[in-house]
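We just call them A, B and C in the order they show up, numbering each chain from 1.
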Amino acid sequence: MTVSGSDHPSRAAVFLADPDRSGWHDNALWQIRGRRDQRARALPEWEALRALAGRIKAHTLSELPEYLTSFEANARRHGAEVHFARDAAEHNRIVLDLLRSRGITRVVKSKSMLTEECRLNPWLEHHGLEVTDTDLGELIVQLRREPPSHIVLPAIHLRKEDVAQTFSRVLGAPPLSDAQSLTEFARQHLRAKFLAAEAGITGVNFAVAETGGIVVCTNEGNADLGTSLPALHIACMGMEKLIPRAADLPVFLRLLARSATGQAITAYTSHYHGPRPGGELHIVIVDNGRSQLRAEPEHRSSLYCIRCGACMNTCPVFRRSGGHSYAAHVPGPIGSILAPLRKPTEHQSLPHACTLCGSCTAVCPVGIDLHEQLLTLRRRQVDGPALLELNGTAYRASTLKRTFTALAGWVLASSWRTAWLGVAVRFLGHRFPALMRLGPLGRWSKTRSLPALPLRSFHEEYARRQARLPRASGRPSRGPGQ
Amino acid sequence: MRIDHPNPRVALFVPCYIDQLYPDVGMATLELLEAHGVRVEVPPQQTCCGQPLINTGAVAAARPLAERFESTFGEYEHIVCPSGSCAATLRRHPHLLGGQPAGASGRVLELCQFLVQVLGVEHVDVDFPHRVALHESCHGLRELGLGRPSEMGAGFVPKPNPGRQLLEGVRRLTLVEPERADECCGFGGSFCIVEPDVSARMGTDRIDDFERSGAQIITSGDMSCLMHLASLMAAQRRPLAVMHIAQVLVGRPIPGTGEPGTGAGR
Amino acid sequence: MNARDAILAGLRAQVVDPVALPPLTGEWVRYTDPVEQFCAAVGQAAGSVVPVSASADVTQVISELDVVRQAMVRCSLVSGVQGNFAGSTDPHAFRHVDVLIVAAELGVAENGAVWIGTGAVKVRAALFLAQHLVVLLPRAEIVDNLHQAYERIGAALSLGGYGCFISGPSKTADIEQALVVGAHGPRSLTIVLCSAESLAVEIKVP
C-alpha cells in the first residue's frame, strides 16, 4: 500500500507532526474517557443498561416500518408535519422548500450529524440563505470553514488561541485570551442571531414512536433558543433514531451523557410534541443508506449508534490522529465502519486505522461490536463479499495484497516451508542487514530498530535439546508440584 | 478445568514469530512448564495460528493453517501457548474463519492461564529483585478476558488475571503500575506497517508511561507487544528492557546485565 | 411512488430476524438520602441549591437571593412570588428578563435534573432567554432515578406539549475543554428546595 496524501495514515502524519497539539488532543480525550469511567463504575446497573439499550435498538430495527408509521401518526396528532427523504439530496430539497416557500433567509441550526452527512449548510448557502451553527464548537468550525473533528466536541482539535484568532478575523472580536471571555463573546453574537432567526433547524437524539415526540439534548440551550423564538422548527433525523416508548428514554438518556462527556445528564433534555403555539414543526426522516445497512446482518448493529462519541474518546488511534484524518463526517471507530460501507474506495484505509484493541466495543453504550466489524470490513476487502460503491462497482483490495497474502498463507501452511523461509531470512539478514530495511520493513525501521535475528529458531533449538537428552525419557528431572 | 494428574501431557504451540525471532521465550516456556511437572511435547509439524493473515483480512488464506492446527494438535487435550493474541485467535477460529466446528483450537490456553487455572500453581519459586511493569495485552485482557478491562463499568464480573497473580507471587519483584492501565501498545500486527506514525506514537507514549512508573522491566504475556516496544526503545535508547513473562518466571537475568536469576528451570 | 411509501416498502421487503422488546424491569439505583444525592448532583452540574425549611417564608427567601435582588427585570411564573414583568405570549419579549422564577414538577436525584413541563411555562423561550433561572422544587417531589421520573411524566408526554429536564445552568467546554458556565442559555440555576406546605404553587400563565 503506498502512502499518499489521501488516506488516513498520511493525514495522521500531518496531525502528529505537531507533538504539542497532538499530545494535548490525546490527553484531553483521555481525561474525558476517565470521567466516563468514573460514571460507569458509580452506576450499579451500568452494564445492565448497556445490554438493555442494545436489545431495544435491535428490536426497534427489526420492526422499523411499524415504528416509523406509528411515530408519524402520533407526531401528526400533535400537529407536526412529517416528511420522508430517500437520500441526502431529497432531504436538502425538502428543507430548502420549507424555508423558501416561507420567504425565510435567516436560519439557526443546532448540532445535527445528519445535516453534516447531507451537507445541508453548503446547499442552503448556495441558495442564498444565511445558516448559523449555534453549538459553540460548530460555530467555531463554521467560521473557520472546516468540518467538525468530533461529533460531540467539534472543536477539540483547536486551542483557544485558534478560537480567539478566528473570532477576531471573522467577527471582528477584540483580542481575547480565555475560554470564559471567548464564550461570552459568542453568547452575545449568537443571541442576536437567535432573536433575528426566522427558522431553527435541529437534529434529533431520540424519536419516540409511542408519543410522536422528539428529544434533543444540549448543554448550551442552543436547540431551544433556536426553536422557541422563530416560528418554524425543522427537525432532521436519520430513521434509526426511533425508539419504541417513552419508558425506553431513560435507558438511553442515562447512558448518553455519561458515555459522551462523563456528565450524568446534559443541561437540557428537551421533549417536543408538535409545534409551539403559533409555530410549525416539520420532522424530516431520512434513509440515505440506512435501509441498506439494515439489510446487512454483520453491520446492522452500527445503526444502534446514539452518536455519543465514547468510541472516539477511547480510541488510541483517534486520539493521536484527530478527527480530520478520517475525512468522514462521522470519524473514529463508528465512522470507520459507516464511511467505507458508503464509499469503499475513498475510505479504504479506515478499517485499517485500528489495532483491534477492542476498547471501543467495551465502551459503546449500545453494545456495537465495533472492532469486530472493522475486521469484517478488512475481510470483505480481500475475500469478499465485495463492498459496493453507490453506482454498484465493487471494491477489492489490490492484486498485490491479495497475491502476497495468498503466498504468505501457502508458506505458513507448511512447517518445512516456514522453517526454510526462516533460515533464508536469518541468513540474508545476518549477511546483508540493509535488506531488512526494504519495502514495508522500511516503514518499521523508520522509527524502530529491528529485532536481532537469532542464530537458530526455537524448533531448531528444541531439536538439539531433545537430541542431548537421555534416550529413554523426554521427562523432566523434577517431580510434580513446585 | 483443574488437572490432578502429576505429570500431565501438554502440547506446546509456539507462535511463529517466537519460533523465528525469540526462541528463548519458547525455551523459557518449556522450562517453566517442565518445572511444574508437565510433560511437554512440541509437535514439529505446527506452524502459525493465522493471525497475521486474518487481521489483514486474508481469511481464506488462513484456512489451511487452521486445518493444519487441527491435524497437528487434534490428539492433545491440553494445548498451551505463550501468547495471548495467538491463543485468542486460535480459540476464535470457528468464528473468524466461518464454518469450522470447534476443535483443538478451542482447547488452547494461554500459558499463565494454564499454570494457574489448570495446574493450580499459586506461586512460582523464583527470585526476581527488580521493578516490573505488566503490559496487559489487548487480546489477553479484552478477548480472553484475563482480568478486568478498565472500560468495564459496575455490574461486570471480571475473571482473574493469572499473569498478574503469578507476578505478584515472585520473590522480591516490585510490580509498578502505569497511569493508563491497559492502553494499547500500538503494534496491531499489520497496523505498525500501515500506520507507522500512529503506531510509533502509541508505543512511545506507552514507554513514557512505563518509564514514569519506575519500571526497569516491561513484561507481558504477548511477545508481539514487547517486540514493538523494544524496537522503539532501542531506537530511542531508553533504559528499560522487555522480558516475556515466562522469562521472568524462570528467573532469566535481565537483559544487558548478565546477572544470574535464581529459581526454577535454571 | 413517493419517498415515504418507497422507504416503507423497501423496509418491509427485508428479512430481519425478530428481536423481542426486552422488559424494562431492573434494579435501578436508589439512594438512602435522595435529597442529599440530588443536591450533590446539582452542584456537579454547576447549579446551586437553597434549602428552605417548612417554617420559613419561601417568597422572602427568593426575594433575598442575589440573582433576584440584583435583577432589573424579574419575571415570576409562580403565584405568590412577585415579579415586575408580567410576561407575554411573544417569545421575544423575554429577552430582557434578568431572572425567571418557575416551578418544577419533580427532581431526579441521580442527575440533579428538574422537570419543567408545559403546565409550568407556556412560553418556553422564557426558560432560555432569562439570564438567571430560579426553580422552586418541593423536596418531596425528588425521585431517585430517571426511570421513576418517566413513570410520572410518561402519560403527560403522550398528551403533547413541551417539557424539559434541566440540570444546572447552560454550559460548554467546547473551547479547550475549559468548562464555562453560562453558555447561550441561563448563566445560573438556583433550586429553591421547599416543602409542599410552605408554598402553594399555582402556575401563572404569562
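Operating definition for what follows: a contact is a pair of C-beta atoms (placed from the backbone, for glycine too) under 8 Å apart; a residue touches a chain by one contact, two chains touch by 3 or more.
Remember, predicted model here, so these are calculated numbers, not experimental data.
Colleague: Say we pretend chain A isn't there, which chains still hang together?
Modeller: If we ignore chain A, what remains breaks up, so that the groups are B | C.
Colleague: What is the chain whose Cα centroid lies farthest from the Cα centroid of chain C?
Modeller: It is B whose centre lies farthest from that of chain C.
Colleague: Express in whole angstrom the distance between the two chain centres, defined as the mean CA positions of chain A and chain C.
Modeller: 31
Colleague: Express in whole angstrom the distance between the two chain centres, defined as the mean CA positions of chain B and chain C.
Modeller: 53
Colleague: At least two other chains touched by the same residue of chain A: list those residues.
Modeller: Correct list: 43-45, 48.
Colleague: Contact residues on chain A for chain C in the complex?
Modeller: Those in contact with chain C are residues 28, 31-32, 43-45, 48-49, 52, 55-56, 58-59, 61-65, 68-69, 72, 74, 77-78, 83-86, 90, 134-137, 140, 153-156, 158-160, 163, 178-180, 182-184, 186-187, 190-191, 194-195, 208, 210-211, 213, 219-222, 224-225, 228-229, 239, 244, 246-251, 253-254, 261, 263-274, 276-278, 287, 291, 294-295, 300.
Colleague: Would you pull the chain A residues touching chain B in the complex into a rising list?
Modeller: Residues 1, 8-9, 12-13, 16, 22, 26, 30, 37, 39-48, 50, 314, 316-317, 320-321, 349, 352-359, 361-363, 375, 377-383, 397, 401-402, 405-406, 408-410, 412-415, 418, 422, 425-426, 440-441, 443-444, 446-451, 453-454, 456-463, 465, 474-476, 478-482 of chain A touch chain B in their complex.
Colleague: Going by the contact rule at the top, pick out the chain C residues touching chain A in the complex.
Modeller: 2-4, 6-8, 10-12, 14, 16-22, 24, 26-29, 41, 44-45, 89, 91-92, 95, 108, 110-113, 122-125, 127-129, 145-147, 149-151, 153-154, 157-178, 180, 182-186
Colleague: Looking at the complex, which residues from chain B come into contact with chain A?
Modeller: Touch list, chain B to chain A: 6-7, 14, 16, 18-27, 30, 34-39, 41-42, 44-48, 50, 52-62, 64-65, 68, 96, 121, 123-125, 138, 142-143, 149-156, 180, 183-184, 186-202, 205, 227-228, 230-232, 234-235, 264.
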